[in-house]
Amino acid sequence: MLAYLISGVFFILALRGLSSPATSQRGNHFGMAGMLIAVVTTLVTHDVASLPEIMGAIAIGGGIGWVTARKIAMTDMPQLVAAFHSLVGMAAVLVAAAAFLNPSAFGIVGEDGLINPVSRVEMGLGIAIGAITFSGSVIAFLKLAGKMSGAPILLPLRHVINLGTLAAILGLIGYFTVDQSPWIFWTVTALAFLIGFLLIIPIGGADMPVVVSMLNSYSGWAAAAMGFTLHNTAMIITGALVGSSGAILSYIMCKAMNRSFISVIAGGFGAEAAVSGGEAKEQRPWKRGSAEDAAYMMQQAESVIIVPGYGMAVAQAQHILREMADVLKKQGVSVKYAIHPVAGRMPGHMNVLLAEASVPYDEVFELEDINSEFAQADVAFIIGANDVVNPAAKTDKTSPIYGMPVFDVDKAKTVFFVKRSMGGVGYAGVDNDVFYMDQTMMLLADAKKMCEDIVKALQH
Amino acid sequence: MLAYLISGVFFILALRGLSSPATSQRGNHFGMAGMLIAVVTTLVTHDVASLPEIMGAIAIGGGIGWVTARKIAMTDMPQLVAAFHSLVGMAAVLVAAAAFLNPSAFGIVGEDGLINPVSRVEMGLGIAIGAITFSGSVIAFLKLAGKMSGAPILLPLRHVINLGTLAAILGLIGYFTVDQSPWIFWTVTALAFLIGFLLIIPIGGADMPVVVSMLNSYSGWAAAAMGFTLHNTAMIITGALVGSSGAILSYIMCKAMNRSFISVIAGGFGAEAAVSGGEAKEQRPWKRGSAEDAAYMMQQAESVIIVPGYGMAVAQAQHILREMADVLKKQGVSVKYAIHPVAGRMPGHMNVLLAEASVPYDEVFELEDINSEFAQADVAFIIGANDVVNPAAKTDKTSPIYGMPVFDVDKAKTVFFVKRSMGGVGYAGVDNDVFYMDQTMMLLADAKKMCEDIVKALQH
Amino acid sequence: MDFISILSIFVMACFVGYYVVWSVTPALHTPLMAVTNAISSVIIVGALIAAAAGGSPTAKWLGLIAVALASVNIFGGFAVTARMLAMYKKKER
Amino acid sequence: MDFISILSIFVMACFVGYYVVWSVTPALHTPLMAVTNAISSVIIVGALIAAAAGGSPTAKWLGLIAVALASVNIFGGFAVTARMLAMYKKKER
Amino acid sequence: MKIAVLRETTAGETRVSASPETVKKFIALGATISVENDAGVGASIGDSDYETAGAVVGNLASVLKDADIILGVQGPDPKALKGMKPGAWLVAGLDPFGQRARVDAYAKAGVEALAMEFMPRITRAQSMDILSSQSNLSGYKAVIEAASVYGRAFPMMMTAAGTVSAAKAFIMGVGVAGLQAIATARRLGAQVSATDVRSATKEQIESLGAKAIFVENVAGIEGEGAGGYATEMSDEYKVAQAELVSAHIAKQDIVITTALIPGRPAPRLVSDAQIASMKPGSVIFDLAVAQGGNVEGSKADEIVIKHGVKIVGYSNTPAHLAADASALYARNLFNFLSAFWDKEAGKPVLPDEDEITAAIRLTKDGKVVNERLSA
Amino acid sequence: MKIAVLRETTAGETRVSASPETVKKFIALGATISVENDAGVGASIGDSDYETAGAVVGNLASVLKDADIILGVQGPDPKALKGMKPGAWLVAGLDPFGQRARVDAYAKAGVEALAMEFMPRITRAQSMDILSSQSNLSGYKAVIEAASVYGRAFPMMMTAAGTVSAAKAFIMGVGVAGLQAIATARRLGAQVSATDVRSATKEQIESLGAKAIFVENVAGIEGEGAGGYATEMSDEYKVAQAELVSAHIAKQDIVITTALIPGRPAPRLVSDAQIASMKPGSVIFDLAVAQGGNVEGSKADEIVIKHGVKIVGYSNTPAHLAADASALYARNLFNFLSAFWDKEAGKPVLPDEDEITAAIRLTKDGKVVNERLSA
C-alpha cells in the first residue's frame, strides 16, 4: 500500500522535525498526518463489519488520551509516558492474540489452513515483546508515580530466573513454528508478562528514565514485529524508528549517567543504590546538566547574567567565556556580567581577566547595579563562583559568610552552576543551597572545558 | 535475496565510513565486500550458461580498470572519474537493452507474453538515464582532459531543443507502456544519448565538477531504475545512495561556487563565462577554499605557521585566532606565530593584540628566527597580512616594496590566505603573487568570521 | 510482499531511524520520547484489521479494545508532545 | 517482490543516502565521488543476468560487454578510492 | 552625633579619611560632619566639594569640638586631640606596633582608639579592610612606578628597527598587593613570575596567568595561612628560598617585593649579592620599605642605585594614588561605622563581644585593652 | 673605514647612537669603531660593553680623528667637529628646521650631514626610520608617565571597598606615537578614544580596540596623507575640531597629544578653556611640547598645574627610555649604513639619484643641498 509508505515517510519527517526546535511543531503535525493516513487507509481498504464499534472505541480512547494529556501536570510527564507505553504494549498483545484467533482476517493463513510458520514467529515475538512492554511499563509507571516504592526490589536468584524465563520464551516461540497449539501461544504471553515484571522490579528510581526509554524501544520493536505479520510498511518503518529511537535514547542516557549500556540491556542494572549526588556532605538531590542543555536554554533566553568567580580565573576561562557571550549576543540574547566585590582572590580580580578577554566595560556591572535584575533574568550562569552567590550569607547567622552581600541568583528562572565537583567548596568552605534548587543545573567540569563545549553546542 | 540486502547494507557502511578519515579505509573495504557479495550471489542464483565468457569479461574489464587506476596521475583524477561514469551509463544502457531483447531472463514477462508495463517504464527510464549519463560523461571527460575546448559551446535555441527532446523522451516512455514496439525503445535511447550531449556541451570548464557529480547522481538513478526492473534490493539501495550522494555533492558545490542549484539542474548553467576570479586586476586563476578545507588540512598538518597582519587587527580576530591555535595544539599540531617587523600599522601592533589574546610569548617569532621554517611547514596560515608576504619584495625591482624582507610563505606545502576580497590590496597597494600559487587557497571572508568557522569545523 | 522485501524495508528503516534520531537536538529528547510513543501506536492498524474483520467475535472484541488503547496513546501522545513543544517556542525577536 | 515494497525500499534508501552523505566529512568529498562511482556499478548484477541467460545471443553479448564495462569501473573505482584515501592517512603521532 | 574629619599632618600623607560620597552617606544616617580645612587637597578634593556634600568645613579646633567620632588616615598627634569629648572614638590606621607610645597617649586622653589595620580577615569585614584596599592600589602603583623608572619598555614589540623583548617581572610575596602587581605587570605585557611562602597563592598566581616559582623541597605555609597572613619561616626554608631566588632573579628586569609579616619587620628577600647578579638598568620596587624592606639597601622615598640596579620604594605608596586611595579608605571607614550603626541611638555601637570590636579596639576608658598589644 | 660614536652633549639626552650589538655588526662589515668615553652611560651601557663588542673607547679628539662617519643621536656642536676629515659623514637626528644655523656650520666644516629624520616614508626605508622607532617608544612612555602622575588607577577594579572606575583616556593625533599610546592605555585598562585628521587612522584606531572620535561635517585628510604626514588644516576644520574636542574632553581623565606637522609648529589642539572643563586631578601629556606643544600652557619638562589639571611634557621623551630607544636608534643607523654598504669600497656609498640620498643629505661639498631646506 503506497499510503502506508507515505505514512511511514511522514513519521520519519516527524522525527526529523525534532532536529531543531524551530521545526519541531511542524514535525509533530507530520506525525499526526501520518497516523491519520494509516488509520484511514486501513479502514478504507478493509471490509469494515463494525464501523460504529470502531468509531466508538476510537472516540472513547481518544477522549481519555486527550483529556489526560491536557490535564496532567508537567512534572507528572515521566509516569504518563510510562503509562502510555504500557498501552502500546497491551495493544500489541491484543492484536497478536486477535491475529492468532482470526488469522484469515490478517491474510496469514497458509495453503495448509495453518498460520504460516514465519508469521507464527513474528506473532510470537510480537506478543512477547508487547507483553514485556506492558508489564514493564506498568511497574515503571507505579514506581514513577510513587504508587510503589522506588527502591530496587532484589529477588534472590533473579538472574537465573530471568535467564530461564527468557530462554523458555524463545524456546517456545521456536517450537511454535512446528506446533500451532494455543497453549504455546498463551504460555509465551504469560511468561512475557512475567519477565517484563521481573526485569523492571529490581531497578531503582534513578535508573527509571533509562528503563522508560528502553520500554519505548521495545514498544517499537513490538509494532515492527506486528508489521511483519501484517506485511504493513507503515508499521515496519515506524517500529524501526521507534525502536532505534528508544535504543539510542537509552544509550545517551546511560552515557550521561556513566553506566554501561550493555549492563542496562542485560537487565543487570539498578543493583547499585540510586544516588545521583557525589561527595556533598548531605545527600540532597541535585540535577546535572550538559553543555547542550546550557547552550539550548541560553539560546532561548532573553537575558543571561554571567557571574564569574575564582574558578573562572583558575581555569583561565575568560577568553572562551567572552566567546560564549559573543555567540549568544549574536543570537540576540542580552548578556551581562555581574561582578561581586570580592569575587576572586584579589580586589578587581575579575576585572583584570575580563578586560584581558576584551569584555566591553559596559557589559560589566557591580553588585548593587545588577542584583535586582536577576529576578527578570532567564538564566544566571555562575562560573567558578561560589561564596558570592551563597544565600546562606543572607539567611544563616551561623555561617562564616553571614552578612556579606550576595547575588540573588536564586531569583533567576534557570541557574547554571559551573564547577568541577559537588565536593569542592569556595574560599569560605561552606556548602551552597543554590546547588540543590529546583531551577539549578550543575555543569560539573573545568570551567574552560565547559565553556568550550557550550560554544560548540551553540554553533551546533 | 537476503544477500542483496546485505550487499546494500555494506554499501551504506562504505559511505558511512567516509564520515571520518580514520574510518574511510574500512569503508572502502566494505564497499568491495558488498560488490563481491552482489556478484557472487548473482552468479550462484542464476543458471550460468557462459561462465568462461563472463569470467573473461570481468578479467578484461577489471584488468583495465585496475591498471588505469594505479597508473593515472592524481591530477588527472577528475577526467578519470568522468570516464568511469560514462562506463556505468553505457553498462546501464546495455543491460536495459539486453532486458528488452531477452525479457524472460529477467523475469519481467507478464502473463500476456509481453513485458510488464511497469517494467517497461522502468526499463525506459533506465536506458534513458543511462544514455544521458554516458554521452554527458563522455563530453565531460573530453572537456576535462583538454581534448575538447573547455569553453562553453552555446547553440542557438538550445533551451527549446533541450526541452523538446526531454519531452519527447518522456512522452515516448509513456507511450511505451501501451505499445511495446522496439522503435520506441531505440528512439528513446537515441534521444537520450543526444540530450546528454546537448546538456553538457554548453557548460564551461569551471562548472565541470558540478556536472561530474550530477552525472554521478544520474548513474545512481540509472542503477536504481534497473534495480526496479530486476527487483534487486542491492541495486535499488545502491542506486538510491549514489543518486542522493551525487545530488547532495552537486548542491554543496553549487553553494560553494555561489550558484543556484535549481539553475544547474535545469541545465541553464554554464551560460555565464567561467571565471573563478573576481576583481583582481589580471585575470589569473586562483583557488577558493572553505573553512572546512582549512580546518581539515591544518588538523592533518604537523606544523602550522600563522602570519597575522593588519587585517587581523581590523577584524579584531586575535581572540578567535588564539582559540583556533589552541584547538589545533590540542590535536597535536605545532603552531607558531610569525610576526613581521612591519606587520600592522604601528611598531609592535601584532604583539599588543596577540598579548591581549594571551598568546604565549614563546609561540611568537620574529622574521629572522622563523623564516627558514616555512620550508618545513605544512601550512602557512596568512590572516589579514599581505605586503609582508609579497614575494615581489624579493624579485620585482620596480615594486614599491622592493627590498623589504618578507616571509617565504611560498615555501610552505599549503598556504591559506585569509582576506575579504581578491580586490583588496595591502598598505603598499600592490598585487600579490601568493594568491595565484598552486598550493594557495584563498579564504575570502572577514578574518574573525573565517576563524570562527574554522574553529567550528575543527570541532565538527 | 515477501519476507525479504519486508526485511529490507525494516533494515533500511533502522538506518533511517539511527540517523534521524542522532540528529535530534539533545534539548528535544523528551519530546522525542513522547512523539515516538505516539507514533508507535500505528499498531492501531493491526487493531483495526482485527476489529473490522468478521469471523471470530473474540478477535473482534480484542481488536476493539486494542483500538481503544491505541487511541488513548495516539491522542494523548500527540497532545502531550504538542504541549512540550509549546514550551520550546522560539522566543520572539 | 511487488512494486510497493521495492518503492518502499527505494524511498528508505534515499533517506539513508541523504543522511549518510551529509555526514561525510567535506574533506572526503572527492573520495566519496570515487567510491559512489565504484558502487554504482552494481549494475553488473543486471549485466551478469543478461550474460548468464541463454535465449538471445545478442542480449548475452550485450550483457558480456556490460559486465566488462562495469568491471572496469568496479576495479578502477575502488582502486582509485583506495589511492585517494591513502593520502588522508591520519598522521602518526 | 558629630563626626570630625582631620587633615593629615604626617609628611607625605596626601590621603583623606572622608570623601564627599561618604560625607553624604553619613549625613543620610543622621550624623553631622565637620571637615578640617584643606583636608582633601592632596586627593584633589576641595573644601567646597565637602561643603556641597553637606559638611561643615573649619579649623582643627572647631572640627574637634564636641566630636563623637574622629576619622583619620594615620593617627593624629595626641597633643592635637586636646579638648576632645571623653570617650570619643578615634578611627584611623594607628600603626599600633610602630606607634605604641601614641596608643598609650590616646588611652590617657580618654579616647576610644580603633585601629583599622587590626580589622580581622573575616568575610563580613572585607569591606572595612583598609589593608586590602590600600595594598591593592599599592600593588598597582608599584608596577607603574617601576615602569616609569625602567629605561626600557615592558611589552614585547617587534618593529622594523628590531625587537624590544618583553620585560621579565618577578613579584615576591603574593598578598593583595602582590596579586595586583602581577595583574598590572601582565597587562603591560611583561613576562611575570611570582613567589610566596603560602601554598594557596600558587593557584592564585596562575589564575592571573603568571608563572609560580616555589620552593619545592621545604614545605611552606599550607593553604592560606591564618587570616591570609604569613609567619616567620624556618631557617631551612629561608636557605632554600634564597637559593631559588638567586637562580631566578639574575634573569629578571623588574622585581617587586611585597612580603610582610604582621607585627614583625618585613622579611629580607633580596640580598646585595643577588642584586649584583642582575642586569644593569633593572628595577626593584620594595613595597615593604616602610616596614624595614625586603631588599637589602632599599631606602624609603629614594632611588638607590646599586650595581646599576635601581631600587625604589615609597614610605607610603597609597599616598601616591591619593584620589582613589582616599575614596576607598573613606568607604572602608563608612562601611565599618554603618555596619555598627544603631538607628535608635543615632550612632554606631560596638558590642563588646563582637569579634571585630575585640580585634580593633586599642583603648577604652583610659586603658589599653587590645590583646595583641598586651601580649 | 672608521666610524665614530659620540657622547651626546645636549642636556637631558641619555641616548647613544650605537649599541654593542650594532658595533659588532659594523665590525663584521669591515669597519672599525671608536666610541667616546661614557657615551652609553645614560642607556646603561658601560664602556667595557663596547670594548667587549670590539670598539675602541677614547676621548672626543681620538674618536673623531680620521673618522669617515660620525654617528650621533642629536647633531653635535659644530665646534666639536674641528679636526675632522673633510667629506666625512655626520649621521644623526639633526633637527634641520630647528637648528638651521648648525646645518650651515656643518656645510662650512665640509662634512656631509645626513639628517636621519628626513628619511622618506617608503617601504624599504622603514627599518631606518628613526622617527618611527623613537615615537613608538614615546607613545608608550607618555602613557606610563601619565599613569605615574595620575592620582588614580587606570583599570576598573570592583572591590569590597567600592569600585574604581576605569580611567578615560583620549589620544589626540594617531601617528606612530599615538597608536602606541592607544595600545598602552588599553593594556592598562583605560577606556580609550582617539582622534586625528587623517581618515586612514580611523580604522587603525579601531584595529587597536579603541573608539575613534572624528570630525564628521568637515573633511579631513583623505587616506594616509602624503607619507603619513598631516598638513595644516583649514580654519573651518579647526573650528569643527575644537567643538568636537570640547564636547569630549570634559569627560576625560587622561589626554595624550601627539599631533605634529613636519616643518611647522605643532598644531594647538587643547585650549585653556577646554582644560578648565576637565576634572581636577586629570592629566594631560603633551608629546609635542618640544615642537611648540599641542596644549595651551604646556611647558617642557615641567608639571604645570592648571585648573587642577596636570600638564606634563618632556622635551625629549625617548631619552626617558634610554636603553630601548638607543638600541632601536642604533639599529636604524646600522640598517641605513649597511643598506648602502659597498663591499668593494669597504664603506657605504650613497648614489646621488637615490630617493633616500636626496631626502636626507643636507650638505655636501661645503653647500647646503637639501630641497626642503632650500625651499
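In order of appearance the chains are A, B, C, D, E and F, and numbering begins at 1 in each one.
Methods note: contacts are C-beta pairs under 8 Å (C-beta built on N, C-alpha and C of every residue); 3 or more make two chains touch, one makes a residue touch a chain.
Here is each chain with its UniProt name: A, B = NAD(P) transhydrogenase subunit beta; C, D, E, F = proton-translocating NAD(P)(+) transhydrogenase.
For clarity, every value in this text was computed on a predicted model and none was experimentally measured.
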Touching both subunit D and subunit F, which chains are there? A, B
Compute the centre of every chain as the mean of its C-alpha atoms, then state which one is farthest from the centre of subunit C. F
Which one of the chains is farthest from subunit E, going by Cα centres? D
Pair exhibiting more inter-chain C-beta contacts, A-D or B-F: B-F
Length of the line joining the C-alpha centres of subunit C and subunit D, rounded to whole Å: 35
If you average the CA atoms of subunit C and of subunit E, how many Å lie between those two points? 72
Taking the mean of the CA coordinates per chain, how far is subunit A from subunit B in Å? 40
Between subunit A and subunit C, tell me the centre distance in angstrom, where each centre is the average of that chain's C-alpha atoms. 17
For subunit F, residues that touch 2 or more chains besides their own: 126-127, 132-133, 136, 155, 157, 159-162, 164, 187, 189, 209
Touching two or more other chains - residues of subunit B: 8, 12, 233, 237, 316, 341-342, 347-348, 352, 355-356, 358
Where subunit C touches two or more other chains at once, by residue number: 1, 4-6, 8-9, 12-13, 15-16, 20, 23
All pairs of touching chains? A-B, A-C, A-D, A-E, A-F, B-C, B-D, B-E, B-F, C-D, E-F
Which residues of subunit F touch subunit B in their complex? 122-124, 126-127, 132-133, 136, 176, 179-180, 183, 186-187, 203-204, 206-209, 339
Subunit C - residues contacting subunit D, complex: 1-2, 4-6, 8-9, 12-13, 15-16, 19-20, 23
Note: in the complex, subunit B contacts subunit D through residues 4, 7-8, 11-12, 14-16, 18-22, 24-25, 27-28, 31-32, 34-35, 38-39, 42-43, 46-50, 53-54, 57-66, 68-70, 72, 74, 77, 80-81, 84-85, 87-88, 90-92, 94-95, 97-99, 101-102, 104-106, 118, 212-213, 216, 219-220, 222-224, 226-246, 248-249, 252, 290, 292-293, 296-297, 300-302, 332, 457, 460
Applying the document's contact rule, which stretches of subunit A touch subunit E when the two form their complex? 310, 313-314, 316, 341-342, 344-349, 352-353, 355-356, 387, 393, 400-404, 428
Within the complex, subunit B is touched by subunit E residues 155-164, 166, 189, 191, 209
